[in-house]
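First chain A sits with chain B, and in the next complex the same chain sits with chain C.
So, the complex of A and B:
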C-alpha cells in the first residue's frame, strides 16, 4: 500500500503534464476539426460554434496548397533521410576503421553544429546563401559561375543542407557508439575469413548496428515531417517559399493568419495521422525484413 | 589497410570536419565586421568587434540582454525541473508494478511521435482560456514535458539502481519516498544531468511555441528575437551585424554546457540508441 502511494507521488507530476500539455491538446485538435465558427448574419451577435462533421477535412484534402505542402515534405524526406543515414553511418564507419587520425577531435568538430540552435543554423546558412553576404557565392562568381541557392529548384536542397549540417554529427555519434558495442571476436573472425576493411564495414559492421539505423531513421523521419523553422526563416528572404510551404507552416498559417481553427485542426490531425502511419509502416517493414 | 585506403579515410573525414566547422568560423569572423565589410566580402577589413557588441546590447533599447536572460530562465530552470520530473517517472516505471503499466508506457512513447505543430493551436486556446497567453508560463510549462526523458529515465534506473539496495533500505525501515530521495536519486545523478542537457538543448532551440504564444517582445527568447530582427534586416541592413553578433552569443551557452558535461550526453545518446 505504501509502495503504491510512493509510486503515485513519483509519477504524478509527469502525468499531470501528460494530460494537460499532451492528451487534452491532442483531443482538442480532433474535436476542433469537427467544428467551425459560425458567424450569424452580417457578423453581428455572438459567434457560435457548430458541428460541421467532416467538412474541414474535405476542405483540407481538396486544398491544392495543403496537398502541395505534403508533397514538399515528402520530397524533403526522400532527399534528406537517405543522405543523413548514409552520411552519418559512413562517417561512423570511417572513424571506427582504426586508421582515422585525431579521432576525438574529429568527433567533437562533427558534433559541434548540434549545439547550434536550429534558428541560428538557419540564419548562418541563409547568410551563406545570400548574394553579397556569402563568400561561397563570391567564390563561384570569381570562377564565372552564377549560382543561386534560393531559386525555385535549389531551395529544397538548400533546406536539406541546413538539416544535414545540424544533425550529421549527432547521428554519427549514435552510430559510432553502436559500433563500439560490436564484439571484437566477430571482427577478428571476419579478418581470418579474408574480409578486407571495406567488406568488413559493409557486410559485418553495418548489419550489426541495424537497431541503431532503424532508431535514427524513425527519429529523423518524425522530426523531418515537422519541417518548420528553416523554411520559415528562409521565407523572409525568398519568394520561393510560400506561407504554406510545409504542412506545419500550413497549420500555422491557417490557425494564426487566417484564424480558421477548424481548418488548422483538420490539417493537424491529417499531419498526425500521416506521421503515425509512416512511423508504423517503417517499423513494420524493418521488422519483417529482420524476421 | 593500404596507404590509399588510409588517405581516403582521412580525407573524407577531413572534408566533413571542414563542412561542419567552416560555417561556424564564418559566423565568428563575420561578427567582427561592420556592414560595409560584410557586404563587400572583405575578409579581413572593417574590423568593428567592439562596436558590434555595443550595438547589439543597445539595439531597440537593450532588448537583446533581456531575451538572453529570458532564454536562460526558460532553458536552465525548465530543463532542471523537467529532468526531476522525468527521472522520477522513469524510476517509478522501472521499480513498481501496477496494472496496465506497459500500455501506459506505450502512451508515453507515442507522445514522442506527436508533432509540436499539432499541439500548438490547442495549447494556445487553452492558454488563452486560462489567461496565460503572452506570459512566461505559456512557454515555460509545455517545455517541461519530455516523454523521451521518461524512456531514458527508465533505462537509467535499470542500469544504475540495483534492486538489492532498495530492498536493504526497506528492511532498514525507510519509506519508499525517503529511499528514492536519499538513496536512488543519488545513484541516478548522472542520468539527471543527461536529461538536463537534452532538455536544455530542446528549450534553447524552442522557436515554434514562443512564436505562437508571445506577442510582447520583452518575453521573447533569443531564438524568436533574432528571427524578428532578421526580418527587420531585410529592410534596414544595419541589423545584419547585430543579428550575426547575437547569433554568436546565443551559440555559446550550449557549446559551454556540452564541453563541461561531455561524458553525460554521450551516456544518454548511447542508452537511447543501442536499446
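So, the complex of A and C:
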C-alpha cells in the first residue's frame, strides 16, 4: 500500500505535465480542426461556432503551399539526417580509436555548440550568412569569389549547416557512450584476426552500436520535421525563405498572420500524423532488418 | 526588412513581447477616454491637437509598429484577448480581413450622412462590404511617378505619359547610363503590382455575386505581368526588395531615377533623404489607353469590437479625417504627404505641406487631379496580407531568375483559396 502511494506521488509530476503540456493542447488542436466560427456567404455577418467536419483538412491538403512545405522538410531530412548520423558516428569512432589527441578537449569543443540555445545559434549564423555583415563573405569577396549563403539553391544547405553545428556534438556523445559498451574481448579478437583500425571501426564497432544509431536517427527525424527556428530567423535576411517554408512555419503563419485557427489546427494534426507515421515506418523497417 | 546587428538582435529578443498590450483606461467622471493605435507618422501631433481642441473626449495614443512589422499581429492578438484599442488604424487591403474576423465593428449606423458627404465616395466604397461600413478612410493615395528632374534634364529625357513611352525610356536610360535603371520592380511590392493591375482594369476580388470570386490572373493582370516580365528579362529595371538597404543605395547613389508609389511617398522620401532636396518632381503615373489610375497605400480607421465608447471614437475619427486642423497638424510634422479623403481639405494640405523639397511644385494640385482618375470597382480580398506575401515570394524567385511574375500571381491564388475555404466563406475561382 505504502509502495503504491510512493509510486503515485513520484509519478504524479510526469502525468501532470503530460496532461497539461501534451494531451490538452493536442485535444484542443483536434477540436479546433473540426469546429470553426463561421459566417455564411461573404463572411460579414454574425459568427456562430459550428462543426465543419473535415473541411479544414480538405483545405490544408489542397493547399499547394502546405504540400510544398512538406516537400521542403522531406528534402531537409534527406540532406540532414544522413550527414548528421554519419558525421557523429565518424567523430565518435575517431575519438574511441584513440587517434584523436586531447580527447576530452575535442569532446567538449564539439559538444559546446549544443549548449547554445537554438535561437542564439541561428542569430550567430544569420550574422555569418548576411551579405554586408558577414566577415566570411567579405573574405571570399576579397579573393574575388562571390558566394551567397542565402540564395535560392543554397538556403537549405545553409540551414542544414546550422543544425549540424548545433547537434553533431550531442549525438557524438551518444555514440561514444555506446562504443564504451562494446566488449573489449571482441575488439581484441578482431585484432588477433588481423583487422586494422578502419576495418575494426566499420565491421565491428559500427554494427555493435546499431541500436544507438537507430535511436539517434529517429530522434533526429522527429526534431527535423519540426524545423522552425532557423528558417524563421534566416527569413529576415532572404526572401528565399517564405512565411510557409516548413510545416511548422505554415502552422504559425496560418494561426498568427492569417488568423485561421481551424486551418492551423488541421495542419498541426496532419504534421503530427505525418511524424508518427514516418517514425513508426522507420522503426518497423529497422526492426525487420534486425530480425 | 532592413537588417543591422541591432535589429537582428531585437528581432530575436522582442518578438515574444509584441503580444503584450496596455490595458484600456477609463476616465471616472471626467472626460471620456478612448485609446487609439496607429503607426502613421504625425499621429501624436494630431491627437494633441484634438485633445486641446475640446475637453469632453481624451484620446490616449499609442504608436505601434507598422502592420507588416508586427502592428497587425499586435492588433489581432489584442482583439483575441478582448482588449483591442477603441480605434485601430488599418490599411485598405486589410479592411475586409479585419471585418470578417469581427475586429472592425460594423459602423454603418455611426457614419452620418454629413460625414459621408465630406469623403471621396470611391474611397468609402473600399471600406464598405455587403452595404456595411467597417472603417473610415483617412487618405487615398493615387499612384504617381516620382522622378529626378535633374537627371531627366541632364539626359534630355521626357516624362513618359504612357507605359509604352515608359518602356522606351527604360531602354534609353540603360543604354545611355549602364549603371542606372529607370526604376525598380520591387520584389516585395505586392501592393504596387496590385496597383498596376487595378489601373489596367483587373478585378482580383469580386463580391457582386454574394460570394468571393477570386481571379488574380485575369486578362489585365496577365498584361501587367507580361509588361514587367519583359522589362525584367531585358534587364531594364532593378529587381530587388524595395524596403532594403540595396534600394536605399540605388536611390541615394542616383542609380534609380523614378519611383512608382502613392502620393504619401513624397513625404517619406523627404524624411529619408533630405540631401536630395530640390531634385525630385512628381508627375502623373503613365497610363494604358484610358485615363485611369490605381491606388498605392492609404489608411483607414476602424472602431473595434472591444470599444465601449464607439460614439466618442467615431467623433475623433470624423475630426481626424475631415478637420483641417488635423491635416495641418500631421503635415506640419514634416514627415507626411498624405492625400486626404476629404476633398475640402486639399486646400489646407497644399498650404501646410512644406514645398521646398519639390522645388515649389504644387503637388497637392497634382494629387487632386490624379485622385479623380482612380478606377472604380476595385475590391480587396479577405486575407490580403497572406495573398500578397505568397505573391511576393514568387516575385523574389522571379527576380532571381526562377519563375515568372504571372506564376507568382497564380501561386498567390492557389495559396489563398484554401484559406478562404477554411474560413467558411462562399468562394468561386476565376481561371488560373
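Brief remarks on what is shown
Note that in this section the second predicted complex is superposed on the first by the 283 of 291 C-alpha atoms of A that agree within 3 Å, B and C clash if a C-alpha of one lies under 4 Å from a C-alpha of the other, contacts with A are read in each partner's own complex, and residues count from 1 in each chain.
As a convention for this text, a residue touches a chain if its C-beta (ideal position, glycine included) is under 8 Å from a C-beta of that chain, and two chains touch if they have at least 3 such contacts.
Note that the structure is a prediction, hence the values are computed from the model and not measured.
Set against each other, chain B and chain C touch different numbers of residues in chain A, with B touching more. When the two structures are aligned on the shared chain, A:64 is found in touch with chain C, with no touch to chain B. Contact with chain B, but none with chain C, is seen for A:7 once the two complexes are overlaid on the shared chain.
Once the two complexes are laid over each other on the shared chain, residue contacts for A:79 go to neither chain B nor chain C. Contact with chain C, but none with chain B, is seen for A:243 once the two complexes are overlaid on the shared chain.
Of the two partner chains placed around the shared chain by superposition, chain B and chain C are both touched by A:133.
In the overlay built on the shared chain, the residue A:257 is in contact with chain C alone; chain B does not reach it.
In the superposition on chain A, A:233 makes contact with both chain B and chain C.
In the superposition on chain A, A:201 contacts neither chain B nor chain C.
In the superposition on chain A, contact of A:52 is made with chain C only, not with chain B.
Counting contacts as defined above, chain A residues 119-120, 123, 126-127, 132-133, 233, 236-237, 256 meet chain B in one complex and chain C in the other.
For chain B in complex with chain A, the touching residues are 1, 5-6, 9-10, 12-13, 16-17, 19-21, 23-24, 26-27, 30, 38-39, 41, 43, 85-86, 88-89, 91-93, 96, 98, 107-108, 111-126, 141-142, 144-145, 147, 150, 175-177, 180, 201, 204-205, 207-208, 211-212, 222-224, 226-227, 230-231, 234, 240, 243-244, 247, 250-251, 254-255, 257-258, 266, 269-270, 272-275.
Of all residues in chain C, only 1, 3-5, 8-9, 11-12, 72-73, 76-77, 97, 99-102, 106, 129-130, 132, 134, 187-188, 207, 210-212, 241, 245, 382-383, 385-386, 389-390, 392-393, 396-397, 400, 402, 411, 414-415, 417-419, 421-426 touch chain A in the complex they form. Residues 36, 38-45, 47, 52, 55-56, 58-60, 62-66, 119-120, 122-123, 126-127, 130, 132-133, 151-152, 233, 236-237, 239-240, 242-244, 253-254, 256-260, 262-263, 266 of chain A touch chain C in their complex. On the side of chain A, the complex with chain B involves touching residues 2-7, 9-11, 13-15, 17-18, 20-22, 24-26, 28-29, 32, 90-91, 94-95, 97-101, 106, 109-120, 123-128, 132-135, 138, 165, 168-170, 173-174, 177-178, 181, 197-198, 211-212, 215-216, 222, 225-226, 228-229, 232-233, 236-237, 247-248, 251-252, 255-256, 261, 264-265, 268-269, 271-272, 275-276, 279.
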